[in-house]
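Below are structures written as structure tokens.
Next come two complexes, and both contain chain A; in the first it sits with chain B, in the second with chain C.
For the complex of A and B:
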């Protein structure tokens, strides 16, 4: 079942021309995209291609200038829907330090449901559940400012979960984290997805894309390709044009396959690929 | 040798070898000493970096790597131990900070957040202005730096840096540091948050500075693939101490230890390690996908004969 439908949506930012007159800059233009409930979708593209603008269209932070964005059957341009839409789409941004609003972890997570007017006993329940889902229960009474980046992002995810959304949008939420922090956040995202949550992951790390169900590639404000990760990574011309590259292991596997080696062309694990190459060399001997 | 610098006794004279850009011996650093938040950030750090080297500094969050690099231009003053940068004693109370900071260019994380001026030219020449460089010379140096980072000087000089894309902003910020013509370039995660193309543009620029202008590079990074492909040497920090100091190829043979420190083994190192375990030796320069492909192809060529 479709949970988000973007129908020919465009959004423009105000920009000043060189002569001082007001013009416009493309945020996104004529984007059409459908996202299935329960799917894990990656949104990729170079800096400034419109990924974050698109993310903001998904929960009505921005409303399309033309076209239509429908979330859980509700049109985001109808102001009466905004509250209901934001309850359904939780967002986590890039910088963990910019998303903390309280001085105690559990109060930070409670911020969303409090604003929605959820009764107090239910808030406690929601906060406890949300912290448990991201594996941060033992930090409930701590100060968020002394946590690691990965832990802060998990708290930010818990804050989004406390409003009980159907969709979680991670807008480069792993960009500022170290490898361990990235792993923590991705594990939580995949685990939520297995529990039925629709996850939209915006990222520059192509290794993270490998584990997604589908990928939408953006360039110049529009979606230029959609497919499975491997369909996208197989398309060298496309990757080159939009300034992306496949994970290194996939690149090497493709090069070897094209040169006639007997290797799995879509190999994602460097060690497996190494083993296959060893077998190839043995056979030659 | 006394570890404390609080005493007034002058340290015995010490000469650093000429080719040594950075020399550290038993450096310790404690944040918030004598408070409940006391934290030992550096613990007996000893290392040297030679002139013209490209050194990567890695370690997970809280390992002390940022504290270490902030010592290099005396943003953090030495508490104990010895440290010499380009022959200057960082423990010297009369250390010429201005001269040191002219020689050691520091690029922080997300340097584009520090852009502030109305135009790109003003922003890039701000450091030069502070160093009293006259206007014509400033414009000339700023032009060189802006062109060096791959931007068109005449097109961007009067633009507001805030109207530029993320990758362009980062290059403007980098140009501001490069305009000073530093001998040592210290960068804290210079590619964080950039798309793959932006990353490789910044990295090839840094590699070019290192190769063609002999700039000593100290780069903090979380991306082990880029460390593997670019650095001559990798220094791993763990719990405030230097855990490993080795060439990338040697270091990433210690897969278990690397993963225990919550770091990743680069893809091409994983691949090479499997081949080595099967008795296949690869040349040391197989760092990039292309180099690895060429090396493996050469192996098959040999096997065919």
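For the complex of A and C:
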């Protein structure tokens, strides 16, 4: 079942021309995309390709200038729907420090349900559940600014989960993290997805795309390709054109395959690829 | 550079004072702050010292973090003390006289008491912020200011702004530190030259800080909107404020203590205290 539908949506930012007149800059233009309930979708693209604008269209932070965005059957341009939409689409942003509203972890997580007017005993329940889901229960009483980047982002995810959304949007949430933090956040995202959550992962790290169900590639404000990760990785000309690159292991596996080695071309794990290469050694001799 | 400022920094612990209701803590702290200006004798100060030590012990806050807050305003304290020493005229002969400067015994006594009073004022307020999370503190302010809603005062928004400000202090300080280091790495000089030159050297720090502040505010607004924020309407609270036996015990003790102080020293000295504060 389709949970989010983007139908020919465009959004423009105000921009000042050199002569001082007001013009417009493309945020996104004529984007059409459909997201299935329960899927794990990656949105990739170079800086300034419109990924984050698209993300903000998903929960009504921005409303398309033309076209339509529908979430769970509700039009985001209708002001009456806005809170119902935001209840369904949890959003986590790039900078963990700039999305904390409280100075204690559990109080930050409680912010969403408090806004929704959830009765007090249920807020406690929701906060505990959300923190358990991201594996941060033991940090409930701590101050977030002493935690690592990955931990802070997990708190931010918990904050989104406490609203009990159907869709979780990670808007470059891994961009500022170290490899360890990125792994933590992705693990949580995949685990939530296995539990039925629709996840939209916005990123420019191609390795993060590997385990997704489908990938949408953006360039210049439009979606230029959609497909499974392998279909996208195989399309070298497309990736080149938009300034992206398949993960190194995939590139290597492809080269080896083309050179006549017996390896799986879609191999993404360096260790597995190494094993396969070793098995090939006898043949080469 | 700014690591020493503890104001607004919560020290997590599981203590008698931490478990008290924030509203009671706020009111008792205010009572303390007023009361301290009634105290004029050293015996009184000894009692207050004892009181503060007991509270700090009950709060299980290390003495070091309490004293840190005093360190932050030590310059102001010394300045006040020095001014008081020089400008208080006594009745008898001056203790020390040189050129136009005359120091009287009264001046010394007065300055020492002023120093104690201001120090205790800072310690008292830092105990409050060390044992109360900014969120609890804002809830307390919001709850205590509720009557002002009658005159359309935006109580909830006021409390929220207060809490956001407090929770952004650490990250703003980190950012200031980072910008200063970045500018130093590019050869900026903050340590030499006259006052004007040094002040000008701070412009390249303030501008990125200001721009960063706007960006931060924008991102925070987006994050809050995404989490269904729509002002005070129908908002509930996770933390229930409940008065317990601790609040009753503490209130009785503190009120009795300060009632005694008010009776002993009387109204007159209080007026004196307030006037001194202005000097």
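Going forward, the second predicted complex is superposed on the first by the 285 of 285 C-alpha atoms of A that agree within 3 Å, B and C clash if a C-alpha of one lies under 4 Å from a C-alpha of the other, contacts with A are read in each partner's own complex, and residues count from 1 in each chain.
By definition in this document, a contact is a pair of C-beta atoms (placed from the backbone, for glycine too) under 8 Å apart; a residue touches a chain by one contact, two chains touch by 3 or more.
Given the structure is predicted, the values throughout are model-derived calculations rather than measurements.
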| item | value |
| --- | --- |
| Clash or fit, chain B versus chain C on superposed chain A | fit |
| First, second, both or neither for A:194, with chain B first and chain C second | neither |
| Touching partner for A:241 - first (chain B), second (chain C), both, neither | neither |
| Partner chain in contact with A:90 - chain B first, chain C second, else both or neither | second |
| Computed vertex angle (chain A) for partners chain B and chain C, CA, steps of 10° | 70 |
| Touching partner for A:142 - first (chain B), second (chain C), both, neither | second |
| Chain B versus chain C as contact partner of A:103, first or second or both or neither | second |
| Which superposed partner A:118 touches (first chain B, second chain C, both, neither) | second |
| Touched partner set for A:280, first chain B, second chain C, both or neither | first |
| Shortest CA-CA distance in Å separating chain B from chain C in the superposed model | 5 |
| Residues of chain A that lie at the interface with chain B and also at the interface with chain C | none |
| Chain B-facing residues of chain A, complex | 15-16, 45-48, 94, 148-150, 172, 175-181, 204, 206, 243-245, 247-249, 251-252, 255-256, 259, 261, 270-271, 273-275, 277-278, 280-281, 284-285 |
| Interface residues, chain B side, partner chain A - complex | 60-62, 163, 165-167, 192-199, 222, 224-225, 262-264, 266-268, 270-275, 278, 280, 289-290, 292-293, 296-297, 299-300, 303-304 |
| Complex interface listing, chain C residues touching chain A | 10, 12, 133-135, 163-164, 166-167, 170-171, 215-216, 219-220, 222-230, 234-240 |
| Residues of chain A defined as touching chain C within the complex | 56, 59, 61, 83, 86-87, 89-91, 93, 95, 97-104, 106-107, 110-120, 123-124, 127, 141-143, 145, 156, 159-160, 163 |
